[in-house]
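Okay, handing you the structure first.
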Amino acid sequence: MTGTERFERGWEKLMEVDGEGGKRVVDSLQAVAPDLARYVIEFAFGDIYSREGLTLQQRQLVTLAALTAQGGCEPQLQVHVNAALNVGLTPREIVEAVMHCTPYSGFPRVLNAMFVVKRVFEERQLIEEV
Amino acid sequence: MTGTERFERGWEKLMEVDGEGGKRVVDSLQAVAPDLARYVIEFAFGDIYSREGLTLQQRQLVTLAALTAQGGCEPQLQVHVNAALNVGLTPREIVEAVMHCTPYSGFPRVLNAMFVVKRVFEERQLIEEV
Amino acid sequence: MTGTERFERGWEKLMEVDGEGGKRVVDSLQAVAPDLARYVIEFAFGDIYSREGLTLQQRQLVTLAALTAQGGCEPQLQVHVNAALNVGLTPREIVEAVMHCTPYSGFPRVLNAMFVVKRVFEERQLIEEV
Amino acid sequence: MTGTERFERGWEKLMEVDGEGGKRVVDSLQAVAPDLARYVIEFAFGDIYSREGLTLQQRQLVTLAALTAQGGCEPQLQVHVNAALNVGLTPREIVEAVMHCTPYSGFPRVLNAMFVVKRVFEERQLIEEV
Amino acid sequence: MTGTERFERGWEKLMEVDGEGGKRVVDSLQAVAPDLARYVIEFAFGDIYSREGLTLQQRQLVTLAALTAQGGCEPQLQVHVNAALNVGLTPREIVEAVMHCTPYSGFPRVLNAMFVVKRVFEERQLIEEV
Amino acid sequence: MTGTERFERGWEKLMEVDGEGGKRVVDSLQAVAPDLARYVIEFAFGDIYSREGLTLQQRQLVTLAALTAQGGCEPQLQVHVNAALNVGLTPREIVEAVMHCTPYSGFPRVLNAMFVVKRVFEERQLIEEV
């Protein structure tokens, strides 16, 4: 991968936000589509996440909602529930953000997302803090 | 419509958040499915929007993202871009929230949503403030 | 178009279920993709709608729900709300079927569908019967 | 959870329709988002399922179609194929309802749903009755 | 299953394109919905895949994109990545086709699809050829 | 907008592929979200469309399928049916590509897309060439 300024900025942001979960996605793409990993770093994190105008906590609220509403994004939700905690959203805020999607996306999408939230909270021993 | 406490709480919240746009949706349902309007008021606003744990500004970020990501929700986005302004999100924050969905939902969903944002900003003469 | 038995059976079923609305879709495809119209007739109506095991009223409940839940199918819903009336579902049953999708698909999908229902009922002067 | 009339009505309906499958979903939410379980009971079952205007069999046809068409709802389909049997739909009607979605939603959504149907029928030893 | 000409043509095409993966899907439907398998053969392969106007390689590019963009079609993607190789698309072309969906469908849909590509390439020991 | 190499490469590719339709989208974003236009140019066209490994004709087949399958992307389809013609796909190939999505995405998605194809062909007086 090339060491451009955009890539460096994206890599730092990816580490700050997604941490180990992000690194695992990048690593798992190396054998099949390393450029796709590079675009995640350069575009999603170097361009979009590095913008001003919203805090990282606000960006993670948006991310959680987009992934919940879209459906079929459980692996990405797993990374981004962790990311939401990493940037300082509380367990309660994460649960509320997912639950807030119910009137817009219906119970099935929200239940699928909430069970991912539950699994991450169990892994990080946060389940009592909700 | 019955005047239960839940309904009253939901109606006040609907007026605070969606204002005229919300009232128009409720009115337009009276001839065909008044109970659907009642559920919007009681469940979406009386239950969900009235919860603690997130500010109304945070809830509108989540709403904008869910509607953008889901696609085909342009009429609801029109109401909720107005709602986002009503609860105090800045034009810049609204644009950023929609743009933040790009890596998750792709350009078409985001373009469709952004053109709704543009139309609402033009109506409210906010287009220079972005 | 060829006059196979499957085509004939499909055409009769299309006329019985969708009537003029179905014929308009078929006609509008002749200049660009007549075979697509043929597949609608042969497969959707000659194969699927002609099966035993569900009544036409049950099939229209399923169709209304699938189109509501999927989103972005307002033109097809317009045809199939008419079809639902054609096969004997009451206005009340149609409204209830669409409203029943709310917990599964959320309010935006259901609102979009309900406004199609409203328009068809107005065209057929059924709006007081709901 | 509060013992309101709406909650009681919803709980009875949930038990009648979903039975054990519904109870398991409610239980699994207690540690992370008990209010989400309460809304399933109060809104989905206490409000929507308790309405008149459609039989429970008609409601389950609508539910099966919405979940099939929407995609990514296999866990909810598992509960609601059981529910469809619980309220008296025959195995044949369930298979037909899912198959009827093919022209509207395409083969992948229908295949994913049909394999859930198959698994439930095997568990309930109904596979020969189709 | 009946031995009509359309069925025969579809079966041959299914064997040519999907091979063993297609046969497994057909077999797994026999106990629950054999007619659904027949429609896959007759309509998807006997009608659509047997048309002129596009090569089988072009058709598989279209199939990969539709399944990637739609989401929740991982089992079908597994069959059709194999099919893409069977009709002569190179591993590189398959990776590029899936990656090309990123601006349209976003990273989560593309990542989910790419991990299916990776698994198929590993099974067929093609991972170094990308 | 900055005149980086990536931007220049993307702009040339956008002009080659989308032409006037692409320029209109870029222009219409200037007042509300100019950076979103820049990302379309830099990422979608400067990065993805400029890759080797697929011809522009293959890339447009993939694009048509992704937009058709996803639903709610009619404005983008309008641009990309024109783009498909611009890079040398024949009217017949475009119709076949959209029709090929039927077994995967169902008739409603394909009908919505085909009516966009029809409108573009009429505008470019290609309707007899299908």
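General observations
Letters are used for the chains, namely A, B, C, D, E and F, taken in the order the chains are written, and counting of residues starts over at 1 for each.
We take it that contacts are C-beta pairs under 8 Å (C-beta built on N, C-alpha and C of every residue); 3 or more make two chains touch, one makes a residue touch a chain.
Worth saying up front: this structure is predicted, and the values here are computed from it rather than measured.
Following the contact convention of this document, A, C, D, F is the list of chains adjacent to both chain B and chain E.
A rotation of 120 degrees, rounded to a multiple of 5, brings the CA atoms of chain D into register with those of chain E. Of all chains, the one whose CA centroid is most distant from that of chain D is F. Our note on geometry: chain B versus chain C, Cα centroid distance of 30 Å, whole angstroms. With each centre defined as the average position of its C-alpha atoms, the distance from chain A to chain C rounds to 39 Å. Chain E has residues 35, 39-40, 43-44, 48, 51, 67, 70-73, 76, 95, 99, 102-109 in contact with two or more other chains.
Touching chain C in their complex are the following residues of chain F: 71-72, 95, 98-99, 102, 106-112, 114-115, 117-118, 121, 127, 130. Within the complex, the chain C residues that touch chain F are 25, 28-29, 31-33, 35-36, 39-40, 44, 67, 70-73, 75-76. In the complex of the two chains, the chain F residues touching chain A come out as 35, 39, 43, 47-48, 51. Residues 40, 43-44, 48, 51, 53-54, 58-59, 61-70, 73, 76, 92-93, 95-97, 99-105 of chain F are the ones touching chain E in the complex. Every residue of chain D that touches chain F in the complex is listed here, in rising order: 102-109.
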